[in-house]
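Take this structure, written in structure tokens, and hold onto it; I'll ask about it next.
Naming follows writing order (A, B, C and D), and every chain is counted from residue 1.
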Amino acid sequence: MDKLALLTTMKILCFGVAREIAGANHLILDHVAGGTVAELRASLLLAYPAFGDLVSFAVARNEEYARDTDIIQSGDEVVIIPPVAGG
Amino acid sequence: MDKLALLTTMKILCFGVAREIAGANHLILDHVAGGTVAELRASLLLAYPAFGDLVSFAVARNEEYARDTDIIQSGDEVVIIPPVAGG
Amino acid sequence: MADPDPHIDILLSGEPLSLDHCRQFVSDPSCGGCCFFVGTIRDLNLGQTVTHLEFEAYAPMAVREMRKIAVAARAQFGLHAVALHHRTGDLAIGDTAVIVAVSSKHRQPAFEGCAFIIDELKQTVPIWKREFRGDGTHWLNARP
Amino acid sequence: MADPDPHIDILLSGEPLSLDHCRQFVSDPSCGGCCFFVGTIRDLNLGQTVTHLEFEAYAPMAVREMRKIAVAARAQFGLHAVALHHRTGDLAIGDTAVIVAVSSKHRQPAFEGCAFIIDELKQTVPIWKREFRGDGTHWLNARP
């Protein structure tokens, strides 16, 4: 991975069925920082179409649910939250 | 107590505030057997007017709540049930 | 006398009640949830300090009425099992007066059945509570 | 880190949960009632036999969301205290997945607050359940 890639890619954490789809506990997406959560969703579905088969998924930014209009900052902890099933 | 009194009186069990009003865990009323629960209530209020100060009271016959129209039989276990307060 | 219904456990006792016993009684692999209500003695009632409390029961009828409520709750809410335990005698602040334990496949009927049982118990079971308060001794609910 | 609110006890743990611990945490002389919900692993789901089950959590966020629910429940229902404990890792049939414990002056808010907490937990807390069933392995709720 060259220096430019390091600057523009972001590690997205994956749990549950998202981990299964990603094949690892994280996945890497390009050009996430500076964009919106909605743009992240679009990139994710392009790179991993299997996320489209889920009932839904949310995105967490720094341990809080993010809105689609939120801007992701470089250094944020970003996590795919598939449908929860606690209790 | 002569034989006639034994035949016509009935021992009525008292709990809680009823025991306090009766001054014992039971009271004796005359001519209860053969009459209705409503008649028992009337006799009770005549003999112990303090029962009229309660919010209400029920009568149990053989461990079941009795209706005012029920007939009390000689040999029944009759109990004054002041307002309950379990829990 | 053993309870005729193996899914119902009724107890009226002068000894401390056990939540763990009730839980074990109602637990079952078919159930996704148990709901418990534990009623305890409060230190204040009607603005008065309560020092302690006494429960008196017409025991045979109280047990019959408690069983009726458990049977009705199982039928109405489709509960798997019900344990209903109530204390008698002298209780101190914080002591457990009553335990309602229910189990069911899903949680909604467990909550509703548990609330139904304690509501009914307070309406119909011949148990009386005498409170020893700062302002004297009172049979609860007796007078207007 | 100690919980900042002394009336709230949140736990996400790989070890068995303790109802007794939760009960002791919420009990208080000012309270007339405690309500508990204990969620356990059922042997059947959607008509299929369940053999065991695994809970995975995004732990730091799960704990934050659990605490938010407890804070909201205390405010909305006027509860005295809330304990909310959830398991992670491998669970067998009958094991306890979650305990909700609440205490309050009167029983109605205790029931309502307890039901609110488990309903919210199932909606918002990032915990995932993988069921091992007769027909395979399933992440619950994930797919239509």
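Rule of thumb we're sticking to: contacts are C-beta pairs under 8 Å (C-beta built on N, C-alpha and C of every residue); 3 or more make two chains touch, one makes a residue touch a chain.
Being a predicted model, the structure only gives us computed values, none of them experimental.
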Touching chain sets, computed without chain D: A | B, C
Separation of chain D from chain B in steps, with touching chains one step apart: 2
Inter-chain centre distance, chain C versus chain D - centres from mean C-alpha coordinates, in Å: 24
Separation of chain B from chain C, taking each centre as the mean of its C-alpha atoms, in whole Å: 27
Chain A and chain C, separation of their C-alpha mean positions in angstrom: 50
Shared interface positions of chain D, touching two or more other chains: 39, 118
Pairs of chains satisfying the touch condition: A-D, B-C, C-D
Residues of chain A touching chain D in the complex: 13, 15-17, 19-20, 53-55, 60, 63-65, 79, 81-87
Contacting residues of chain D [partner chain C, same complex]: 19-20, 23, 27, 29-44, 93-94, 105, 107, 110-111, 114-115, 118
Contacting residues of chain C [partner chain B, same complex]: 39, 55-58, 60-62, 64, 86, 97-98, 118, 121-130, 139-144
